[in-house]
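So, here come the structures, one by one.
In the two assemblies presented below, chain A is common to both, partnered first by chain B and then by chain C.
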Partner chain A sequence: MEIMRIVVTGPVGAGKSSFIRTISEIEAVDTDRKATDETAALKAKTTVAMDFGRLQFGKNVALHLYGTPGQERFDFMWDILIRKAHAFILLVSSHRPQDFRYARRILAFMRYRVKIPMLIGLSHADNPAAWPMEEIILALGYLSPYNRPPTVPVNALDSASVANALAVLIEAYAREQVAELSRL
Partner chain B sequence: MKITGYLSEFSLGEIFRFLAQGQKTGCLTIKPMETGDEVTSLPLAEEYYTFFYHGNIVALTTSLDHQELQQLIAKRGWLRIPTIQKIAELCAPKTTLGLCLKAQGALDGEQLKLLFKQQVLTPIPYLFCIKDGWFEFDANYPLPYEEMSGLTASPMEVALAGLRLLRDWTPLLDKLPLPNSTMIRQMHGEVPYHLNQSERQVWEHIDCNLSIEKIAATLGQSVLDIQKICFRFMVVGIAEELAAIAGEEQPAITHEADTMPLTEVSQSFLQGLLTFLKGKRDVA
Partner chain C sequence: MGINVNKLEMTLQQFVANASNVQGAAIVSPDGLTLASSLPGAMDEERVAAMSAAMLSLGERIGRELNRGEIARILVEGEQGYGILTSCTEEAVFLILADHNAKLGVINLEIKNVMGELRKQLLGVAQPVSL
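So, the complex of A and B:
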């Protein structure tokens, strides 16, 4: 069985669990529990371990999706997930500028631990308080327009939107793979 | 383009960094909701308007009537308001009032510097003492040339000054880098800002694979004080936080990862997956 592993990460409430549930062909493994810390103000439940979803698209070929825990800390689960991952998606709520700081922290954490293709998915982009995509990318620390990860709006509850985000990421992965081979 | 939010969510330092790094032009409105004691050093107002031009601060006003710079000049006894207005008519449109008056020989460069200090450099750092407030940045707001001296200030320098003034850090506590994080330098060579002695000491210890806690222990200072200094470094864009995994003493990493994982996915796998996803995307 050939498997590709993608990590879905992002601040609390960005839509990680929904993203995985929307595209997964199996009942996504649900580790949501009642939130007890500051997360409770935002969500009644949050992911305490990880979400898992699977997409088998042919004989012996499957995509595995892993959602990072919702709390704003990095634990051993993160290390396990990202070291096995082929690529990752950072989901960020467009209308919650308070989340950009933690999203930056995730980006730095990932950048110094693994070099894998990534995509930024902007959820809640239709909210009246949503920041424009260009401004969010800047707030996340990408100053040059020539050195940015692919970024797409994502509706985590819509399978076409989730499929589009994954397709853009897979294309980025394929490009990166070709570039890496040419460097060898 | 308009962006809005609350300072409790996206602090003024982060807004200044965003506007400076994005080289933004427009008007930043701040409407205080909760203020600290130090705010008494600010002119009393319901709203503060900071104007940016290509990422630099060019003016601060408390109203949008375009009269404040004239009033500052008149209060200093340098020129009467009717005289200022007559001279201003002689200058081309989109000339800042300060440079217009200087070109006509009515004010000199030193006077403009004093005006700019009074209008921008002295009050803006006190905006950092506003505990919470609503903000809006409007990139379409036209520049108020009548309020501009023609001088500019770096938002980073002003933010550094503002965060040094701050006594009550309560609203920023959840925004500080974590005690077990390390800080990574984002620039090499000379820091483009004047650092005070404490900042200089911390700067020399970051990038050495030491967590904030360890830097505090080494320098014999409180962890909170080091966190505050590191936050200032982050705001002015010279350092970045690298978080550790809970339980790990500190991340044993000082440079970015530079290779793809060895277990790559085959081309046929990627093609099959792409076809599948595109089908799902187009059908739905």
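So, the complex of A and C:
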């Protein structure tokens, strides 16, 4: 049995915990605590260590999903989790442009540590205030239309949507592996 | 009555100064924000607070999943000493750092003693105000 570790990261309230809870086959492990900082305006509880979920993918692969806390004061958890990851998802709320810069910072943090396949998941894409996908990608720093990571809208509460995002990520991962093999 | 942060810090400072082998102490919220601290100079209290919260929440989760019941204390023992996390009130976690010469029995007693005082100061606001 092969284990593939996927990290789900992104700003506060992007839907990281929901994402994992929605797709996990086991009861997702969470470390939610009552929020007392500015997060409290957004939601009552916030992740302080990590979320964990598991999903059987095909016969031989088990996906282990790790969700990070959103706040930067927990960046030591980002570091711990990303170092062992095979791929990661950056979840960004489409309707909170004030988060884009911060999402970019998280992206830089991860990119600095690992070179692994990634996916940008745009949550809350159905919100009337949501930005168009193209503009969000630009705001995240991908100015050139080439070499962009795959980007999909994600509804973290809908299992089909979450499964689709994971499938796209795994495809990217597989492509990366093939590319690596052909380089050898 | 509100929380008197100065008094809280003072209590921590006195604790760190008087308890033998204790190098630092902090009170943090369960979501990782500092309420009061008296830490060695090089330590960033924001990080310490976040780490304490993460540690305690994982510890509590382990306690639950492995049927260890309510977590009273989490202890990290390193070459340079101890880090001990104790749940103080519903809204506060108490962290102390002690050097490697510390005797655990004494430290535990010290924690117990100061905890009474900390609880009293912290719960001053948690209780409903009757008008």
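Going forward, the second predicted complex is superposed on the first by the 176 of 184 C-alpha atoms of A that agree within 3 Å, B and C clash if a C-alpha of one lies under 4 Å from a C-alpha of the other, contacts with A are read in each partner's own complex, and residues count from 1 in each chain.
Going forward, a residue touches a chain if its C-beta (ideal position, glycine included) is under 8 Å from a C-beta of that chain, and two chains touch if they have at least 3 such contacts.
Just so it is clear, the model here is predicted, and its values are computed rather than measured.
Peer 1: Which term applies to chain B and chain C once both are placed on chain A by superposition, clash or fit?
Peer 2: Here the two partners, once superposed via chain A, fit next to each other without clashing.
Peer 1: Does chain B (first) or chain C (second) touch A:Phe74, or do both, or does neither?
Peer 2: A:Phe74 contacts both chain B and chain C.
Peer 1: Applying the document's definition of touch, where does A:Arg175 land relative to chain B and chain C: first, second, both, or neither?
Peer 2: So A:Arg175 meets neither chain B nor chain C here.
Peer 1: Under the superposition described above, what is the C-alpha centre angle at chain A formed with chain B and chain C, rounded in steps of 10 degrees?
Peer 2: With chain A as the vertex, the angle is 100 degrees.
Peer 1: If you stack the two complexes on chain A, which partner ends up touching A:Tyr112: first (chain B), second (chain C), both, or neither?
Peer 2: first
Peer 1: Could you state the shortest Cα distance, in Å, between chain B and chain C after the structures are superposed?
Peer 2: In this superposition, no C-alpha atom of chain B lies closer than 5 Å to one of chain C.
Peer 1: Following superposition on chain A, which residues of chain A contact chain B and also contact chain C?
Peer 2: Residues 73-74, 76 of chain A touch both chain B and chain C.
Peer 1: For a test of understanding, state which residues of chain C touch chain A in their complex under the given definition.
Peer 2: Checking each residue of chain C against chain A gives 29-33, 46-47, 49-51, 53-55, 57-58, 61, 65, 91.
Peer 1: Report the residues of chain A in contact with chain C in the complex, numbered from low to high.
Peer 2: Residues of chain A touching chain C: 29-37, 39, 46, 48-50, 69, 71, 73-74, 76-77.
Peer 1: Under the stated contact criterion, what part of chain A meets chain B in this complex?
Peer 2: Listed in rising order, the residues are 2, 4, 23, 55, 57-58, 61, 63, 73-76, 78-79, 85-86, 96-98, 100-101, 105, 108-109, 111-116, 129, 131-132, 134-135, 138-139, 141, 143, 158-160, 163-164, 166-167, 170-171, 173-174, 176-177, 180.
Peer 1: Contact residues on chain B for chain A in the complex?
Peer 2: 1, 3-5, 8-10, 14, 18, 21-22, 175, 184, 240-247, 251, 253, 255-261, 263-267, 269-270, 272-274, 276-278, 280-284
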